[in-house]
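Read from first to last, the chains carry the letters A, B, C, D and E; within each, the first residue is number 1.
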Amino acid sequence: MGLLNFRKSTFKHGVHPPEHKSETNGLPIRQFPFAPLIILPMAQHIGAPSQIVVREGQEVARGQLLAKAGGYVSVPLHAPVSGTIRKIANVPTISGKMSPGIFLETFPFSSQEVLEGTPVDLETATPEQILQGIQDAGIVGLGGAAFPTHVKLKIPEGKSCEALIINGIECEPYLTTDHRVMLEQADDIFMGIRYLLKATGAERAIIGIEANKQDAADHLEARIPEDIPVTVKVVPVKYPQGSEKMLITAVLGREVPSGGLPIEVNVVVVNVATTAEIGRLLPHGRGIQERVITITGPAVKKKGNYLIPIGTPLRYVLEQVGVDEQISEVYMGGPMMGVAVSNLDISIVKGASGIVAFTEEDVKRPQEIYPCIKCGACVDACPISLNPSKLGILAKFEAYDRMAEDFHLMDCFECGSCSYVCPSHIPLVQYFRLAKSIVRKRATAKQTAEHAK
Amino acid sequence: MLNRTLNISTSPHIVKGISTDSIMQNVVWALLPVALFAVYTFGMSALLVLVTSTAACVLTEHFMCKYSKKKSTISDWSAVITGLLLGLTLPPNFPLWMAFSGGVIAIALGKFIFGGLGYNVFNPALVGRAVLQAAFPVAITTWYPAFLPDRFFSVSVSTFTVPFMEPAIDAMTGATPLAAFKFDHVTTSTSDLALGLISGSTGETCALLILLGGLYLIARNMMNWRIPVAVLGSVYVLSGILYLINPQVYPSPLFMLFSGGLMLGAVFMATDMVASPITPLGVVVYGVIIGLLVVVIRIWGGLPEGVMYAILLANAISPHIDNLIRPRVYGTTKSLKRS
Amino acid sequence: MKSESLWYIFINASLINNFVLAYFLGICPFLGVSGKMETATKMGGAVTFVMIISSMCAYGIHSLLIAVNAPFLQLISYIVVIASTVQLVEMFIKKMSPALFRALGIFLPLITTNCAILGLALFQTNKGYGFVESFVYALGAGTGFTFALILMAGLREQLDFAEVPNVVKGTALTLLIAGILSLSFMGFAGLGS
Amino acid sequence: MGNQTKDNKGFLASLKDSPSTDDFIKGLWRENPVFVQVLGMCPTLAVSNTAINAFAMGLATTFVLLMSNMLVSSLRNFIPKQVRIASYILIIASFVTVTDYVIQAISIDLHKSLGAFISLIVVNCVILGRAEAFASKNTVGRSFMDGLGMGLGFTFGLFCLGAVRELLGNGTIFGFPFFPSNFQEWIVMILPAGGFFTLAIWLLVFNALKEKRAKA
Amino acid sequence: MNETNPVNKDATASSLKMLQAMVGIGIFCALMIVLAFEGTMPRIEQNKAEALEKAIFKVIPGMETKKTFKLGPDNSFVPVDGKSKADQLVYAGYDQNGKLVGVAVEASGLGFADVLRVLYGYDPETQKIIGFYVLESKETPGLGDKIEKDPGFQSNFSGLDVSLTEDQSALKNQPVTVKHGAKENPWEIDGITGATISSRAVGNIMGTSTEFWVPLIHKNKETFMVSKTEQ
């Protein structure tokens, strides 16, 4: 394996979890039924929550604005279905915190036509107008982070964007969302690229795809329009290639400096589904109402890729696809980076790229944690070339400052490769998340103390 | 059906199949052919030495845990490896009470005082052997000939020495190839060495079976292949250079590779990940240091064999190797030095 | 009959009969400053430096005492002369290179009455070494001391983050490691013979 | 450095000072230089390979300690602070030289087996430490008791090591066979490594006792 | 060590007082040392002489008196009273009739742990080594120190052959250590099992030393014989 890939460009280290993609990658995207009650939390992206602009009892049409952006780093929210606002109250979110939210009762027999807004004309719009259009459409990163896309696309003063990388890697096991999007929404993707090129001023666009989606790569390559400088780059399969830092290294051989953003190496990375959404929504001035989600995992009966309205409760989703009696764990996102769901009353958010459900049988997670035997598997896995073994031992002894000062703790981007390979089952990345938050807290405490002086 | 309470785990939610106890178990499987061949070569005495040292290690581990009010850790199998390897480095006719003491020392002094599995800074089995060698230098250099006709039915006269008493000197002793070379300049043929048709420590005689065990572990991704390659490679190259300079004085590189405890040491003991560096480059440096020390001690030192000392010294150096050799962290310009 | 080459003197003093691990000299600093790499390195450097100076002083004094036939003053004059020379050197370094002084500074006074230094002076006299031999002997002893100290410091730094049982923690652990190191250094026995 | 308080106490006490048994007892056990203070390790380890060496070294040290303590304390008002360390070293070195010659006169063999370590008593921290911390502030009588206590405590510590090492490493005690003639000696015990191990194990025993007592 | 101590009242002591104190103590110490030295020296000298005597007696059985010689520049031996360390000395031993029974020679070389110093006796008459004694060794107790204690090993040296070639310029065969039990020739030393290195070291030392000294002593046999004995 390693030998065959020798000449192919990729990043250093990483892991190869079993892919489990064949179960859904041949299944075309299907529209999911509308749930009778849609629940929309306002905090479903990074940044300030959206601000509600509707009243209880009000009737809304699909695509109508429900909440406006709560600031620059925020996006508006549109009605995913036509219906009545039942209630405005706190709703649970996946993090366990409550967030203000809207309960929207779906009109049972509505045709669910989507409202048109003001289109953003590709030919005439300025980059600023495109960015505004992207914000107005409520678009956030669909690759998982749910970061408002217009903020990311805003090139800072003094920097320039040379290449736009479209992230079609989808390195998480089980998930096939991006795969299906690439196969079925090629035109939207290219349209999106047009907008993105214009908005960022990039000279070219590269679509990065892992070798296990060769069909998608071929499909896109064959359809590249004459008028835009797009190339498709196929890279070897390896987790976490989808992370932007790794992808940039794999595709361009550049390294994003520690603590920096991709723009420092003149690159912007956007997920394919995000790109497709931009390409589909902006010409119509619409807002985002639904997204493609892979629902899979051994506990799911009707696995597949579904187009699901934002706000559909998870319980409804699982009831529709049918699950195993013994279901014990559900993740929003893939099994490597996704978040485990404790409460089925939360709903689908914009950042959810997949729902994976496991039964107790399938989990079979070893219970016993052994001490670190310094086997080095984690060192060989860490794409950032950290020393998770040492970090783990230091974390165990709560030497958090030492971790940050001597061992680059803050460069860890929590991909979990180290935890995945560790034969002693040490919860390494879990330690690191905690350690990072403590280090950050200490740093702010120190700063405020200094300010107070 | 959806009213079950869900289990909340933190990502990653899946793990690779290998676990520490299974690695340890597999090392034991890989050592078994070596041990069986030892019993075939040296008979009953060797079997008793292996069983005794293993039992001593496991029992010590158990009682040490009990004493410190911890859960017994014998189920991780690492004590079995320690005991087996200790037994394999001892002469087959070693008195059992000494082998037992060695096992106790290996675990108590080599592992427990540092905090148990994963924290030891020296190879426990070799700590046990080093203490035995310093305590009973005569017994540990009294060798038993291989392939005695009645080896399966009788044991060496020293095997059942009364505890704490001096062993009787066996009438039949064999000289090891290294001692024969060092003191009498007699070389043993490489094929005899590789096949194990010689006398020596219980487990060091059959180089081929040792290599086979190593290959199995490497194939199963349970052993770092760089270490044995670096150790054996550096010994080969260094002794090769000396041999080219003067073949009359210096032994041939193949003789160096296949004699003494080098093969067992390089494949099964230098590879103990706990006491070796962790980075790929660090591990190579570590291996080369071992190789260098082995050549220096064997050729210019007073003792005929130095694998054990070389590994222990390299163990002591490995924290420094880890400190000095750090891969460049992604997105930084130079490898981070200690503040 | 002369049988010791300079090379052997060096190897002997540094590895085979390491001052700390085989002669038990300089145990106090070995136990005291081997906790951290940084101090260990500096202490090693300082000891080596003082050893070389003392060894040269001792050579001079010994020759002088032989000349005036007053062997009974050996011990007193060694300790007094070594202590004052180190003091002088200290002042000199302070003037000439404040940076070096800061690195070695706090260690120098601690070392002056350290038994490894005096032991070195006495051993070299007993062995009847000449000037060059004494120098090499001191260099070897200092190097060996530094080597042992650095090895110990690395191990102890690592063991700061280990679940060492409470009864073992502290001096006992350091001594046990020293014992294992001492065993490992036995591998060098007979080197060069 | 805690000296100040001690100093005051010593000064007050010295008015009505009389040698107390506590000055003597504390060195034997509570402040034992080997096991508790862990001072003067080099001679402790180096000559503790046999009981007789340990004993002889202990007595030699006790002698020097006693003499220097007494001399220092009787000169304590005469020696100015600035030169006190220098004078102590001078005094100690002289007594050591004397001891060295006396031992040579008694037995060349004993001198040979103690080697350079007799001379190294000069730098034994215990002696300088007692001169500085006790003798320079107390009466001759109390310093005598202190020196004797510390010296015998040191001898006891050395003996504990030497006896174990000789017993296991050579099968004898003070040169007399202790075990049956075919006892297998643990040669490691008389090697340097054995010195480290034995002292470590004594310290472990003390630690364990302390821990037990703390718990009880 | 105590610079940190707060300066207290006598810190103001004048330099004169400091000087007085130091000189006073200095004189006192010097007196004490010189007294001890003078007092013990005769005894120590005697002890040392006895020790040397004892050693020489061990390697030259039957010796009653001895005389010290040093190797002169022209390869001849001249009698000395044995003080200067730098000289290469040998000791001739005589029986009660003043007859030469052997010459004791000191030799050294590297052993297992450190330098080994030995003394051996050579009988020019029979051209054999007649005794062997270890002056200084750091070999492992119980193992390497068998070279001093093991009677079997010691017995190698009562009659070890060091005879010369016809022209008397070199040894016929240098002494050499062989594996225990493998001694076949009179010039071989039977080694010790478990202490091969130490016993080989003795062999090397003996080989090199005899190669140098035996022809010289043999040539100057007359010097030793005619010499009047000491004491």
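The criterion applied here is as follows: a residue touches a chain if its C-beta (ideal position, glycine included) is under 8 Å from a C-beta of that chain, and two chains touch if they have at least 3 such contacts.
Remember, predicted model here, so these are calculated numbers, not experimental data.
Under the touch definition stated at the top, chain D and chain E share these contacting partners: B, C.
Chains touching both chain B and chain C: A, D, E. Of all chain pairs, the one joined by the greatest number of contacting C-beta pairs is A-B.
Inter-chain centre distance (chain A to chain B, centres taken as mean C-alpha positions): 48 Å.
Taking the mean of the C-alpha atoms as each chain's centre, chain B and chain D sit 42 Å apart. Inter-chain centre distance (chain A to chain D, centres taken as mean C-alpha positions): 71 Å. Averaging C-alpha coordinates per chain places the centre of chain A 61 Å away from that of chain C. Residue numbers of chain A whose C-beta contacts span two or more other chains: 371. Residue positions 1, 29, 33, 36-37, 112, 140, 143, 197 of chain E are each in touch with at least two other chains.
Residues of chain D in contact with at least two other chains: 86, 90, 93-94, 97, 101, 187-188, 191, 193-194, 197. All chain pairs in contact, by the document's touch criterion: A-B, A-C, B-C, B-D, B-E, C-D, C-E, D-E. Listed in rising order, the residues of chain E touching chain C in the complex are 1, 3, 29, 33-34, 36-37, 85, 88, 106-115, 138, 197, 201, 208-209, 212. Those residues of chain A whose C-beta lies close enough to touch chain C in the complex are 371, 393-394, 396-397, 399. The part of chain A that touches chain B in the complex is made up of residues 12, 15, 17, 173, 245, 249, 255-260, 315, 318-319, 323, 325, 327-331, 333, 335-344, 358, 360, 363, 365-366, 368, 370-377, 379-380, 383-387, 389-390, 405-408, 411, 416-417, 419-425, 427, 429-430, 433. Per the touch definition, chain E reaches chain B in the complex via residues 112, 140, 143, 179, 193-194, 196-197, 200. Residues of chain B that touch chain A in their complex: 1-2, 4, 6-16, 18-23, 76, 115-119, 224, 273-274, 276, 278-280, 283, 322, 326-332, 336, 338-339.
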